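Before I ask anything, let me first share the structure, which is written out below as structure tokens.
Labels for the chains are A, B, C and D, by order of writing; each one numbers its residues from 1.
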Amino acid sequence: MDKMPHWADVILIPLISLILAAFLSALVILAIGENPVEALQLMVQGSLGSTYGWGYTLYYATNFMFTGLAVAVAFHARMFNIGGEGQAMLGGLGVALVCLYVPWPHWTIALVFAIAASAAFGALWAMIPAYLQAARGSHIVITTIMFNFIASAFLNYMLVNVMRPAGSMDPATERFPEAVNLPTLHEMLLPFGIQFSKAAPVNFSLVIAILACILVWVLIWRTRLGYEIRAYGHSEPGALYAGISPFKIIMISMLISGGLAGMMAINNVMGEAERLVLNATEGAGFIGIAVALMGRSHPFGVFLAAILFGFLYQGGAELALWTNIPRELIVVIQALVIMLTGALDNMVRMPLEKLFLSMRKGRA
Amino acid sequence: MTAPAIELKGISKSFGPVQANKDISIRVRPGTIHGIIGENGAGKSTLMSILYGFYKADSGEIWINGNETQIPDSQAAIAAGIGMVFQHFKLVENFTVLENVILGAEDSGLLKPSLARARKSLLNLAQEYGLNVDPDARIDEIGVGMQQRVEILKALYREAQILILDEPTGVLTPAEADQLFRILHRLREEGKTIILITHKLREIMEATDEVSVMRRGEMVATRTTSQTTPEELAELMVGRKVLLRVDKAPAQPGGKVLEIRNLHVRDEKGVERVKGINLSVRAGEILGIAGVAGNGQSELLEVLGGMRPGTGEVLLNGQPVELVGANGRAIRDKGIAHVPEDRQREGLIMDFHAWENVAFGYHHDPAYNRGLLMDNAALRADTERKIEKFDIRPADGWLSAKNFSGGNQQKIVVAREIERNPDLLLVGQPTRGVDIGAIEFIHKQIVALRDAGKAVLLVSVELEEIFSLSDRIAVMFDGHVMGERLPDQTDEKELGLLMAGVSGPREATA
Amino acid sequence: MDFITLIQVLDSTIRLTTPLLLACLAGLYSERAGIFDIGLEGKMLASAFLSAAIAYVSGSVWLGLLAGIAASVLLSALHGLASITFRGNQLISGLAVTMLAQGFTVLVAQDWFQQGGRTPSLTGAGRFTGITLPFADALEPVPVIGPIYAELISGHSILVYLAFAMVPLTWWILFRTRFGLRLRAVGENPAAVDTAGISVTGLRYAAVLICGVLCGIAGAYLSTALQAGFVKDMTAGRGYIALAALIFAKWRPWHALWSCLLFGLLQAVALRFQNIDLGGIVIPVQVMDALPYILTVVILAGFVGKAIPPRAGGEPYVKER
Amino acid sequence: EPALIFDLGGKFDKSFNEAAFGGAKRWADETGGSFLETEMQSEAQREQALRRFAESGANPIVMTGFAFGDVLNQVAPDYPDTKFAIVDMVVEQPNVRSVVFNEHEGSYLVGMLAAMASETDTVGFIGGMDIPLIRKFACGYAQGVKAVSPDATVIANMTGTTPAAWNDPVRGSELTNAQISQGADVVYAAAGGTGVGVLQTAADEGILSIGVDSNQNYLHPGQVLTSMMKRVDNAVYEAFSDGTDLETGIYVMGLANGGVGYALDEYNEELITEEMKAAVDEASAKIASGEMVVHDYMSDESCPAVSF
């Protein structure tokens, strides 16, 4: 028999971990002499209290949906892709190349190609670690970490030595032409008579991100490929027995994962900054790990967790603005969530399992 | 009467919902070899692991030489003079024999003196008991038989008075096993007490002074070996009379379905496991492959099932089969079905629903798909049918595979494979860890497939199973086929010799 | 490159190798015992902060060092709790440890010193300063040998000498002592250790704590010897370079020394020269920055001798028959 | 309520950003008013910070650093009623004041002092990010050095090519060591937070250093020769004082209007002799009056006195 009902596993455990993380963070806030309740109010007000706040929350959430899905898809194949950060950076390069060097007539066409380019660049960056894992057994976690650093150095080189416009001091590309600017939520909602903040960066990419969630759900739970990915993730000898090629699954799942991470660039590079700057990813690749763990690798869970982290991110920025609590508070929260849902999982799980077991015995 | 060397009183142990030991009591007289016998999963290893301090009992007492002794960990067991050779050896593969022997029994903080003392001591033990090993060889460079000696030496080096051996012969040839028993007898003469776990009746009868029988976590009886019979023990073990033969009509073999010519297989480490074998299976025939585990049978099945690459020629109905490995799908498309040796690791995804497992390996079948997507409704309907036909219990396709008992898990696999109506069925250890009722059922299904004119290649380490199912028997040893026999023209003794690498004069006339 | 510049670059190599070497040996203990640790970076960072903070507040660098070690050991214990006691995913735990340190150091530093996440500069006894070895001054004028001894070998802080001394010591502990034998065994086959009557948990915690101590020294070196104070993210990926060096060294102490020296040299060269002109071909500084990682990937790919990690590495120990 | 946004490197870099903070604090202390402030963690946050303050009604909004130029150019038109001031960059929008400094003039003065204090006739320059702005510092400095001793050697190094170069004390320290081995006995750090490492190493190794932007003489009393004062504090103070009436357009701050200069206080009075002071003050007067012109690197991207 299962030790615990399925719902406890997918809902209760993340929830308890989250509450624990929140509680610990509150202690931290108290320790640095601020009021956690006020801090929470400020975070809620700043991130959900206005369309401007929502705009940023959703903007960040869009980033995290992409990176969260990326990590989740890899998790299903039992690959731990720490390289989302580097893949997203490369995705940014792809978007910048497409947007800068091709004169697009309309953003819709540009978007299609930007998606293709960002996904291709991200996937490319995941391909080498994937190949090394699949063909030579090199540990993918280590190689993807290394590839994050290599990506960062590479992008640095591109921005400083290659793509920086003449006469500019900024290590950043030129602004993309007007024609490729994605519509913001403000513009999208205006026809419906809804006034959404004009200043908020949330843009059409959100729609793409939600679509990606749905497509990943279909992929994982409804297609043969998804079936094979999950089977491989549960048991490699099993996959081999069933005629599922481990090489193929590692490659495909990592390419999809890298592609999703790369696609984040349509949001932050094409949608928001409208140019490529250094460190445009701002750690979203790592937050993706927290999001995937929290969301139990299920696309719907990832969607919810991404919004939660969008809220934390925007709320944290507000805290940094109006109080003495530095932005790093959210790094701490994020670390706690990863620790509790990813590594100290059993600490939460064991007592729960005992509880359910005794409840069942009590009934029987 | 002297106090028992070991007395266990009321030992119980559960793993979550599984109760592995229920209120077990046993006495072992000093200076004897005491056998413990029981089916797979009866709880033998668990009980011994408790005695060795590897697991902690939920309740119960341990008495050693008449004193109640607390054994919270293996350190305590060693201190109490207990040594254990586990079913799966506990050796550090890239250490030398010497390093493995001293691990945990070092004399001081520095290694040098310990190593020197151990070297001397091994020399003595080798002379005393005939346990020769090269102290400087690395574990991953010596064979299993040798590794087992190292395990015994480890215990003796720690001056164990009580030695537990958990299924020591599973990996040994009969000859190696005989040698082991000679060593055990020698140890008994020195006054040591030995507990021997096995589920082979022959070994119990040959080697032990007393025998205790376990069934489903309980201790059902203890007998003096000389005053019992294999039949009695078997009955005690399974709880009812064992059906030794399957009722089946004589085979009506047709044309050759499978032909294997000069097949070679290497494992991941590059070691050759199958060394050029030739075999054929005809329609309407079951070819049984006997052999001690680890002599290439597993690799043979895996190559034919598309799980690993090999070289040589394999023909199915005259058509060549590619031996490239990782091509299980192509293999299935050709009409080969495969019940793998390890259903939990290979045959099923334990976390998938039963209905998802029903398509495992056949998930490309158009019947299970609608365009790009899988047709889950069709899968579930098919599952219902199989549950009904194969009497899988509980009859709930939504349960995860891990929530079925071993027998029902195996039924899911067998149902899936047999229902494909393949030309050739590969079967590995079809009844390992399966309850008696399911064994009968599964055997009948395999015979029925044969009677439908299909070819079956059966691999089993249970000679009894080989005898009761096979129409023809091939014996493998060290990657070679030592010979083929017809079941009614041979006996266990002859097969045993072949399994040990001693080839006999008679060839089967197939 | 003239001789003086060479000496200077090598001198700087030694300074930059020190934190890498300490962290690399730290990882070596942990990973040899079967606990993968990608959290070296975080532990160094935590120690860099706390050692600088305490050294500033107390005015004693030794107290600072102790505090830094304590901070690092605390994180190690957390990693141990997750990966040994609760059998969690060691990689995720290591990542979380690093993030925790990245967040906490700034949070606490800001609360404590109100300087945007840095500590005030350390002065006097609040820092480790170079020690001049005997005869350094006397030998200085001797050509070649003089500068090598006086500039390169002499004049480093005590922690540098400690780091280099740790290499033979680690080798000796690992291969010549009972503790080392058991440590290596538990990383290869914990069940063998368990059935030999030794506590797997105890050994692994010991290894993880040693790792904490060494990371603590590495971090303290950064903020109290190499620099005079903490700035946020001051480890700047050194923990990951140390990890790379560990793989590069295939988990062996002497090889660790060479790989850390190599990566230290790369850093020294990258620090000193922006772009390196090799007779027409200009190597951009970014290539130097990325080289340790690229080399490690090449090693991992197994084209230049395969790096095989300890067999039980990364797997929590669950008793099985 | 006015707002101040610091560049990467942070409010407490003891240099550029800290000078800006000093000006804001002075304004707050004098008027009893309060102001908003925030620091950047990464490039990508600039726009959000700007918008957040504009949305919340802060006015004027002052930011330090050329890197805000591009985003300000985007954001300013969205908030026509808000006044912005940017330091170190020219942004041509109707509601923006652009404050730029004649750093080459101040650097010229400290270059003279460096040459006079040097015994080896070799002086060093360590810049932050390698951009024209920093070369402008270096060029002014080198001209000052050469004016005093034409044969002197000026070693110039840059810390990096990205904004991380503003906050890399380790590299600052290594570069200082390198320059010392090449004979430099005075180094001028124009590198934001990186300068902390330069000044530290210079003090450890017993040579003189020159601070930048803020008065950094106090960091190592008696070991910092002087500091090139770039009165970012004044720029911020004035912007805050002007409030919503802030006049837009380009503001140039040079020697003539006290925008740059060198620091002399109790920490370095023993290092600067009367002669040195006299020489520098004379040059300062000449430059201020326009009698003498220091070449500005950014005018033609070249420098007569030093090559990079």
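The rule we apply is simple: a residue touches a chain if its C-beta (ideal position, glycine included) is under 8 Å from a C-beta of that chain, and two chains touch if they have at least 3 such contacts.
Everything numeric in this text was worked out from a predicted model, so none of it was measured.
S.K.: With contacts counted as C-beta pairs, which pair of chains has the highest total?
M.R.: Per chain pair, the contact count peaks at A-C.
S.K.: At what distance in angstrom does the C-alpha mean of subunit C lie from that of subunit A?
M.R.: 30
S.K.: For subunit B versus subunit D, what separation do you get between their C-alpha means, in angstrom?
M.R.: 78
S.K.: How big is the gap, in whole Å, between where the Cα atoms of subunit A centre and where those of subunit B centre?
M.R.: About 46 Å, centre to centre.
S.K.: Go ahead and note the Å separation of the Cα centroids belonging to subunit C and subunit D.
M.R.: The mean C-alpha positions of subunit C and subunit D differ by 36 Å.
S.K.: Residues touching two or more other chains, restricted to subunit C: which are they?
M.R.: Only 117 qualify.
S.K.: Where in subunit A do residues touch two or more of the other chains?
M.R.: Within subunit A, residues 156, 160-161 contact more than one other chain.
S.K.: Go ahead and list every pair of chains that touch.
M.R.: A-B, A-C, A-D, B-C, C-D
S.K.: Of all residues in subunit C, which touch subunit A in the complex?
M.R.: 38, 78, 81-83, 86-93, 95-100, 102-104, 106-108, 110-111, 117, 237, 240, 243-244, 247, 284, 286-287, 289-290, 293-294, 296-297, 300-302, 309
S.K.: Going by the contact rule set out above, which residues of subunit C touch subunit D in the complex?
M.R.: 4-5, 7-8, 11-12, 115-118, 121, 129, 226-229, 231, 234, 236, 268, 271-272, 274, 285
S.K.: Quick one: in the complex, what on subunit D touches subunit C?
M.R.: Answer in residue numbers: 10-12, 39, 130, 157-158, 160-161, 167, 169-171, 173-175, 177-178, 181, 193, 196-197, 200, 204, 219.
S.K.: Under the touch definition given earlier, write down the residues of subunit D that touch subunit A in their complex.
M.R.: Residues 36, 38, 41-45, 47-49, 51-52, 54-55, 66-67, 69-70, 74, 78, 129, 131-133, 161-163 of subunit D touch subunit A in their complex.
S.K.: Which part of subunit A faces subunit C closely enough to touch in the complex?
M.R.: Within the complex, subunit A contacts subunit C at residues 28, 31-33, 80, 82, 128, 132, 136-139, 141-143, 145-147, 149-150, 153-154, 156-157, 160-161, 286, 289, 293, 324-326, 328-336, 338-339, 342-347, 350.
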